[in-house]
Amino acid sequence: MQLHHFHGGLKLDEHKAESTARPLLTMGVPKYLYVPLSQHIGAQTECVVEAGDRIAKGQRIGRAKDYICANVHAPTSGWIRGIVEHPVPHPSGLSAPCIKIETDGRDRWGDDRLEPWRDWRERDPRSLRERVRDAGIVGMGGAAFPTAVKLNPRPGKRIHTLVVNGAECEPYITCDDLLMRTHPEAILEGARIVSHMVGAERVLFAVEDNKPEALRALTDAVASGEHDFIRIVSIPSVYPTGGERQLIKVLTGREVPSAGLPADLGMVCHNTGTLKAIREAVVAGQPLISRIVTVTGPGVREPRNVEALIGTPFADLVAAAGGYRPDVDRLVMGGPMMGFAVGDDAVPIIKGTNCLLATRPQDTPQPGPVMPCIRCGECTRVCPANLLPQQMYWFAKSKDFDTIQDYGLFDCIECGCCAQVCPSNIPLVQYYRFAKQEIWGREKERQKADLARERFEFRQQRQEREEREKAERLARKKAALAKKDSAPTEKKAAIEDAIERARARKTAQPAEERSAQDRERADG
Amino acid sequence: MRFRTRTSPHMVPGHSVGGLMRQVLYALIPGTLAMAWFFGWGVLVNVVLSVLFAVMFEALMVTLRRRPVGVTLGDSSAVLAGWLFALAIPPLAPVWVLLVGTGFAIVVAKPLYGGLGYNPFNPAMVGYVVVLVSFPRELSLWPSPEGLADASFTLWQTLQTTLTGRLPEGMDWDAITRATPMDMMREALVSGQTVHEVTRSPVFGSFSQTEWEWAGNLFLLGGLWLLYRRVITWHIPVSMLLSLATIAGVFWVIDPDQFASPAFHVFSGAAIIGAFFIATDPVSAATTPLGRILFGIGIGILTYIIRTWGGYPDGVAFAVLLMNMVAPTLDHYTRPRIFGHSGDGRG
Amino acid sequence: MLNAILAITGLALAFGLILGYSAQRFRVEGDPIADQVNNLLPQTQCGQCSYAGCRPYAEAIAAGEADINRCPPGGEATVLALADLLGRDPKPLEVEEKEKAVAVIDEQTCIGCTLCIQACPVDAIVGAAKQMHTVVEPECTGCELCVEPCPVDCIAMVPLERGLQDWRWSQPAPSPIEQPRRARRKATEERRESA
Amino acid sequence: MARLVVRDVVITTLLLGLFAAIGTGVVAWVHSGTEARIIDNRLQMTRARVTQVLEGVDYDNDPVADHHRLSDERLGGEDLPVWIARRGTEVVGVAVSAIAPDGYSGDIHLLVGIDRTGTVRGVRITQHRETPGLGDDIEVERSDWVHDFRGRSLGDPPIERWRVRRDGGVFDQFTGATVTPRAVVRAVRNALLYFEQHSEELLALPPPEEDEVLTIDPAVPEIPDPATPTEPLPGAAPPGDTLP
Amino acid sequence: MITSGYGDIIREGLWNNNPGLVQLLGLCPLLAISGTVVNALGLGLATIATLVISNTLVSLLREHVRPEIRIPVYVLIIASAVTAIELVMNAWFHGLFLVLGIFIPLIVTNCAIIGRAEAFASRNSVPRAAVDGLAMGVGFTGVLVAIGALREIVGQGSLLDNAHLLFGEWGRDLRIEIFPQEHGFLLALLPPGAFLAMGLLIAVKNLIDARLEGRAAPSATTEPTAPAPSQS
Amino acid sequence: MEYALILVSTILVNNFVLVKFLGLCPFMGVSRKVETATGMGLATTFVLTLSAVSSYVINEYLLTPLGLEYLRTIAFILVIAAVVQFTEMVVHKTSPLLYNVLGIFLPLITTNCAVLGVALLNVQEAHGFVESALYGFGAAIGFSIVLILFSAIRERIAAADVPVPFRGSAIAMITAGLMSLGFMGFSGLLRL
């Protein structure tokens, strides 16, 4: 197959062998699980259970209340111990509402378990999509975008190709690799389900050439089955070839248009993990409640892949991988290029957690002070989006948000290549994230200002009209009668009266409040 | 357990600014030594003094701004600027020329703009041009290698000359200086000789050309090493030398008597060191790939124009400054096509 | 001398004719600059700029009578945008930028006097006479104009809540070599404390 | 479109006309009061220059009013003015303008004063663009170098030694700048050669008519201002006559 | 700028709103004619005269000018004044006239003059306008002379060279030599020197302003930690 | 060839702004943004060429025949003011788009010394009609080029960490000085 190139990219030290040396470990059920309500891109999930509820494994505990949203299911059976603010894996380090589950260790499925559909070929795509949605599946390649939305073809867009993203281009991460080695059939079946759903005629399954075992397993699986429209493609390992747009370029030579989606080219791209999850949801009726996570880095004793329930604290995963080495000072969720460091290992894993990376100071030495950009152009050389990171940095720094957009800020995929090669150690990606969010924020404010202006102008017109009418009325009245005007005083008196009443109520209020609090205490 | 939070990427950092600058310094060494071999101690004295002054000025400015001195000096860019400046001026230039030049290079052209990374103009070239227009006499006194050899200038004598601005007893500037090849060519053409006559004249062939070429070759070597080390990219040197050779070639073909050959233009004067070490200053050059090519072409053409028709014998410094001026505009109009966009790079 | 006067006067007469004619022939109404300025203002209509709302302030700016740094709700961003539009130097804001807030009416205390409704420039308060009033949160611009008129002080400005969804990446701190030494020392101390 | 209000147009026009009339009137009045002095001033400049290069020549006319134009390759240009100094009607000296075409950065204009015997009485550079700080030592304001020519003639030094020292002549070059002095020396020598060849014609030039002397003659050639040190400086361009 | 006292007007012209340093108007003569103190002073005096005359006249006529010919009328007034001054200089200060060259007629387009006519004289009474003209003129001349002095000292080591052009023959004695001309720093006399000197002067003014302010509010003297988002 | 020389001379060698010091106020004033600088350049080019031509005509056919050379300044500035005002009114009415680009700059051009300077220099150098027009055009192009280059540099400096006293116009002046230093390289070019 004719492969193509994208501009830039980096060859990085892979560090994959560390974690693939050990077999996959399925973790037990921890005592408490913290399942965040917001694990995906889009609106926060609405909690449908209450403290004290008894729940079964796979029971829906969070309901998608919006189109771009995903259900959340109980990873195991137990009791709800409240909706608590708990640290979540997020670059802010903030806490967010999580469903706290005390597990019972029985891991018991409930009665309302989804029905396994072994006959998915006979089902129509719509109901399959509904199943994906019910199962709360989100993209497991990193972005955690609700998969059902992606699988819902937009009107007029016909999907002909499913791209399976098995690139796993970031260093250290091997969860997809392991999945491909151990469950090639499941992934391929997932691919067939998705093809069926979107009507794709071919599947391009891309795997970086640094995963020979996965490649062999997949090729064998393809050869043994009747997957003639599935093509396993070995692609050169260059970071970030696993980025959706870069991958499509490498495979087909076509570029996803700037503000567009792969669907504009008739393609859809999915991570191997996502496909496996789809397969489980359809064929086994199992919602997305666990995933494989690579626990690795020079800061853990026995780097390996573990399969863990959503909501398991990071600390437990690390313990399963032999615990920390001394001096560990950084724990990253995701890969070293795009992941973010968390401040606390009590945070739970979520659907999008593919890797935990622990490092010590000596592994990622202090990069030296941030220096000014010397415009060396290294970042331009490696930027896979062919942007001018140094210029964008310049404009982000001076908060020139119009110009930075003109320079393609929103084409930046935040891959981190530029920051990696920058000799001045500038946290470039953070500048871009900052700029993007600032622009979104301002856009929101602008919309609000426009609304306010409309309302203000409307009000002014109304007041003018009223003024006019009043003047007319007054003139008419004056002409008709030139007599008493007691009305105003009457009105004033009424107001005074009301004020008096309010005051009385206000002084009475503290007492009321006190009693209300008492009542609460009694309830609790 | 709590951890430090830092933004991605979380990898071992690649290189550093200071490292980059030091590689350029290493690449300058062979050419500098060659120059010192031909032109005497003066070259080394200049380099040492200029670097000293440059570092001093930098430290002074940073201190005045109450900024950390160590970090700024650690990036070695002042050392590099001082060194490059020193290579541009004649070996026996008096000390005040060095002071004024490095002063302008380091004080006016750099910290006033905020220091490393912000200066729109090449500091070393600002320094050089300032002394060139201010002290044209001192700047045109290039010792001839043979003149120095006759007088066997010692290090001590060199220092004396540099520090006092006067030659030691019994020596005469007219005796030990000679026009550079560039100067000679210009002078001869001005007074109506042909290129042929100039290059044939025994003086021209026998001494200056070869020495200058040797130094040039060693700078070329250093430049190639920088290319190999990826400290610089090919765009600027290649486009600059090519355009210089091309335009020189065109005129040379038209009238070989009035216009010097492309080889002469490329290998004389500051073309080589300019192409690899000066025009490539990342801070003041264009930063987009196409912009860099245009930047190089501009320098090549302007160098030729100023050399051939201008009032100053060598145009590289001016050409670099002039193109520094154009660089931001070039960057503005030569953005690469962004992934997923059609047409130019506008988002 | 007469020649001179005649020649130049003639010239002036000719130009006067042309200009006088074209002044009428090519007259244009309206002030597009004021519109552009108005578009950049936040439309909070709070009057903190000392004008009766955003539009009058915009007109004053366009006429060159007012400085561009007097709109606290707009904050630094607005000053920069205005400076950009008008080619003036950005200046620091005259007053401190305030935290974004919305008005909340204590429904227990509200007596339904409608005074706040009359004060609200964007009709963000709903309610009828003698009935409890409420602020429609997404429409409130936080201008505080309703606070003053309320006879029973039942309106409070409540800062907008900021959760995970509203969290934003901050601009990275400037490089240490771009900071005076004193500031740097403070920053390191802070980091040490927080660690 | 608004209707034309003719009255407004007329008022506008008249108003502008009125201002113009008043303004011009004032200026014209000032002009009439200063005119004579201005003309005199202009001639005065030229007079001073000519006097300088004819130092030591004993004449009693006003050379400024007594000028002709010469064209010759040796002088380096066309229609170059020459001023004549006389005692009585006899020509005792000439101030020849010449151009050295081979300066380092273009032409160098000079004025060479030569007496009857063909001896140089003075040389002044009137316009040049040589490198400031290097070639501009030819200016009398900056160095005494041009005084070297005083008293020289074609025989002193012998013609083959009318060169700069580096080329085996008697005149100093400047350290670091040989081209400029070389050009000037050559130009002065050529001026002398020209004088030698044409001395008869020159010495026989007729005096001007008596009453022409002080009328305004736009053809009176002016000597450009001595070039200010730097070519690009505004004002270095010959100020010439923005006003007559 | 509703009504300010004469003191304010003068302070504005000389320092706070100096036409050269703050408004950045009249830059051309400021840079071109500041090679020596004498040139600077000559042009400065001419500018002061023009400013006072034009401000007075414009203020006098401010009621009678219609908008469509406002600029032509102001320009006419200024041009007449300048031409008269030019003729006088040509007659009595011929040497200086030659040196200043084209920049005398260009006083007409000195933006500072028309700027004052528009911004101040056309809105204020005659005496106030005249004082403003004087203050602005003196402020402008001050800057001109300051740059002139700087460039002359650095560039040719002297002060008040060629003073005879302005003061007549006795002026020759005014010349002060600080060091011999050949040690001069030529750059100061060249065009770049003019720009650099001007930049330096503006910076010095900023520094002094900051100091003054610092004395008023003693805390705000250190630089902000981050570069201001956008200045210039 | 001679015409080409005039252009090269006015654009590079004797650049009006950096070498001749004319038109500095707009050079400093409207150079914060590349877009506005471009607009100013366009407007100036138009007005400068037009006024160079018209002042040539006035000088040749009105002032010189009448012996009124001393009134040049008045006559020229009158022409310029009228041309500018007229252009502004026409553009404002006929092309709001163009007015948006050029409009705010037009009044500034009256007081751009380069315009009057060109008119006066044309007379001083005894240029003919075509030469006058070219001289004006070249001067304007030279002005526009450096203005645009300068504005692009200033956009960069806007984000630079300039020492406080130098922020704003001081560093802009210094930048202009360094630009003019670069232009010194053209001195002596073409022996012009």
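Order as written gives the chain letters A, B, C, D, E and F; numbering starts at 1 within each chain.
Definition applied: contacts are C-beta pairs under 8 Å (C-beta built on N, C-alpha and C of every residue); 3 or more make two chains touch, one makes a residue touch a chain.
Note that this is a predicted model, so its numbers are computed, not measured.
Taken together, chain D and chain F share the touching chains B, C, E. Between chain D and chain E, the least number of touch steps comes to 1.
Of the two interfaces, B-D and C-D, the higher number of touching C-beta pairs belongs to C-D.
Taking the mean of each chain's C-alpha atoms, the chain whose centre lies closest to the overall C-alpha mean is F.
Rounded to a whole number, the gap between the C-alpha centres of chain B and chain F is 33 angstrom.
Once the centre of each chain is set as its mean CA position, chain E and chain F turn out to be 21 Å apart.
Rounded to a whole number, the gap between the C-alpha centres of chain C and chain E is 37 angstrom.
Taken residue by residue, chain B touches two or more other chains at 4, 7, 65-66, 71, 108, 114-116, 118, 130, 133-135, 311, 331, whereas all remaining positions touch fewer.
Residue positions 32, 68-69, 72, 76, 79-80, 83, 86-87, 102, 105, 186, 190-192, 196, 222-223, 227, 229-232 of chain E each touch two or more of the other chains.
Chain contacts: chain A has residues 91, 369, 371-372, 397-400, 427, 430 touching two or more partner chains. On the chain D side of its complex with chain F, the touching residues are 20, 23-24, 27-28, 31, 104-107, 129, 131, 231-232, 234, 237, 240-244. The touching residues of chain C, when paired with chain B in their complex, are 172, 176-182, 184, 195.
Chain contact summary for the complex, chain A toward chain C: residues 38, 44, 88, 90-92, 94, 96, 369-372, 396-397, 399, 426-427, 430-431, 433-434, 437-438, 441-442, 445, 448-453, 455-456, 458-459, 495, 498-499, 501-503, 505-506, 509. Contact residues on chain D toward chain C in their complex (touch as defined above): 1-2, 4-5, 8-17, 19-21, 23-25, 27-29, 31-32.
Those residues of chain D whose C-beta lies close enough to touch chain E in the complex are 8, 11-12, 15-16, 19-20, 22-24, 26-27, 30-31, 34, 37-38, 41-42, 44-45, 132-133, 142, 225, 228-230, 232-235, 237, 239, 242-243.
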